[in-house]
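Notes to accompany the following structure.
Labels run A, B and C following the written order; every chain starts at residue 1.
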């Protein structure tokens, strides 16, 4: 019995780590820019295909491909902000408008992936031997261990970066109060750009790990985005630690949930949680209630 | 051959038109950015498909489909009434995810990803609507009824009260308007007609599966409402015709459907972004998108 | 007509309204004055039902209204003009006003069957108020296209057209040029002559003193003085509150 419990817990943590990788970049962008950048999922999807193209099609070294992929996603995020969001922000567009545009961009990016690579599943054949190892009765693969470790390190680095670095502090200032931040000399446009660069770079890391663990499909971006978004909402979308916490909670609840119901309903659990939190506690577990009009 | 194709397009325009004017009621006139609208389309489709396939007469199926969709619209309005702007949008979007997940997983009723085949064409009082031509006539009648209803609502004082709620809800309340009720009715009616459109869709294609009811399918409809212009029913008609017809020439270039599909999505996504940036009022809109 | 009793409202650590009590007499014009941030608009919001008090009661004709919603309070007879413009900007002046006349517009079926038409009476009422306020020429214009002054007057017209026993006006003279202000003084006095009860918030002292029968001075959420304009002018505490000496 305990080994089933442990297995579900481990599965939950792995799922949670993946969602947290998505949610952390996303909530970094949200907290700084104050709108929902749904297209973050599209950045992940397109980056996955980029990785596939470099590694499986061009045959480049995996680690080189991975590095280039991270650069690609940062660049993509930066460009999306520059071309689409910045002009709209200049026109004082509301967050609802930016939401609609970001959904359109998500669909645009995924459709591009579908167009150039087709709908069939792509696999990254990098890891030859990924046999599960026994861990107190539960099974975990080496890749999964790597995912948990890498994401933990990444979150730690992100945390330190946000707390100590100049840009990190500036981002938190803009997130907190943009007008005051501008008065003390922080250029909010520059910070917005940085938030996209860093947030999308994290997405790039997420892409690499996720592509190895799961397979690449054109709709993976949408699915991951919804899960990451749900995790962020549950934990508190306005702060990155909250988003990470919420994502782990989501992963665990999902996996324990299917102990009681058919596994197809796993996604439904996430959707229902999303719906309930948006209705009754939109600031999430760690967030502060924002009395916006 | 061309005739049949033309009739097919007209039917699609009819179905999309009902979907679009119902979204226009909640978005353009009431200011409710209901990104879950496609869920009501789906509920109507599944309800009528299940009823019709069990032998229930078409007129009853379509009414029940509309009423059940409308009921869910009303239900959705209750807890979301105090949500503003993008939180309302995201919550309604979340609702459509939940509904989609139910379509996909409640296999006993919906057969999940396999879908429901063999939905019968309507047979009303002995008149058979199996041919596309006769089906088109049915669609036209329903379009006229739906348009008439929604037009009457929007152009009456009720419609003005909805617009007041959209423009400044607090001011509307301070004039004594029970805005909660106004918004609930708006969502319920909007959902009702989306359900009617869903029923027509199900009986036309005679096969439905969950993939037609994902939020991606909302994009063309949202695009229609914005391009036509918020709070303009005329604009919606024009925009529906344009959006339904626009991807069609691509068919004749001889591209395979695996390419056509994504290209269509790309075109719609780009159009949505461009129209929001360059002409957010669309053709005939009197209201800015907010 | 309106009685505030021990009203208290806190926002986080700040007490905006502090055990405030006063009464408004029917048929008179009463002004609430006080320095910025003294709690006047908060008191208005509490009366309108936009926010709920932490303590205290509000009586409209001896009926306690603190648990009613905004629309219910409006229907009980309180009509409010807001400090910031709150017009239905995509509708015309005429349409804004028609909405104020009654609430038959929320009845769906009545409207679908065409049983809620704009009658000659309603058109007449709108015509009259536009004439009285002086903006008849804007009748068919979309509110968004009006000047600030015209918008303010439209909103005033709408507030008055809304059936009421008590008019609550938050800075009716705010941002209006001096010529129109003089017309407004006469306009408000005219309303009083016709038996209207008015409670207003104002910062413009000459305007207030020409119009008010009774003045209530609020500072830091409390009533520090109440009385006729002449008394208030001489009141030491009031001078201190305003000038800080």
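Heads up, the rule we're going with is that a residue touches a chain if its C-beta (ideal position, glycine included) is under 8 Å from a C-beta of that chain, and two chains touch if they have at least 3 such contacts.
Please read these numbers as outputs of a predicted model, since none were measured by experiment.
Asker: Looking at mean CA positions, which chain is nearest the middle of everything shown?
Answerer: B
Asker: Among the chains here, which has the CA centroid at the largest distance from subunit A's centroid?
Answerer: Following the centroid criterion, the farthest chain would be C.
Asker: Go ahead and note the Å separation of the Cα centroids belonging to subunit B and subunit C.
Answerer: Computed from C-alpha means, the inter-chain centre distance equals 42 Å.
Asker: With centres defined as the mean C-alpha position, give me the subunit A-subunit C separation in Å.
Answerer: 50
Asker: Take the average of all CA coordinates in subunit A, do the same for subunit B, and state the distance between these two points in whole angstrom.
Answerer: 31
Asker: Report the residues of subunit B in contact with subunit C in the complex, numbered from low to high.
Answerer: 149, 152-153, 156-161, 163-164, 166-168, 170-179, 181-182, 185, 189, 231, 286-287
Asker: Spell out the residues on subunit A that touch subunit B in their complex, using ranges where they run on.
Answerer: Contact set of subunit A toward subunit B: 35-36, 84, 87-88, 91, 93-97, 99-101, 103-105, 107-108, 110-112, 114-115, 118-119, 222, 226, 262, 264-265, 267-268, 271-272, 274-275, 278-280, 282, 292-293.
Asker: Which bits of subunit B are touching subunit A when the two form their complex?
Answerer: 33, 35, 79-80, 83-87, 89-91, 94-95, 97-98, 100-102, 104-105, 107, 112, 215-216, 219, 222, 258-259, 261-263, 265-266, 268-270, 272-273, 276-277, 280, 289-290
Asker: In the complex, go through subunit C and note every residue touching subunit B.
Answerer: My answer: residues 48, 50, 69-71, 74-75, 79-80, 82, 86-91, 95-96, 98-100, 103-108, 111-112, 114, 116, 118, 142, 158, 162.
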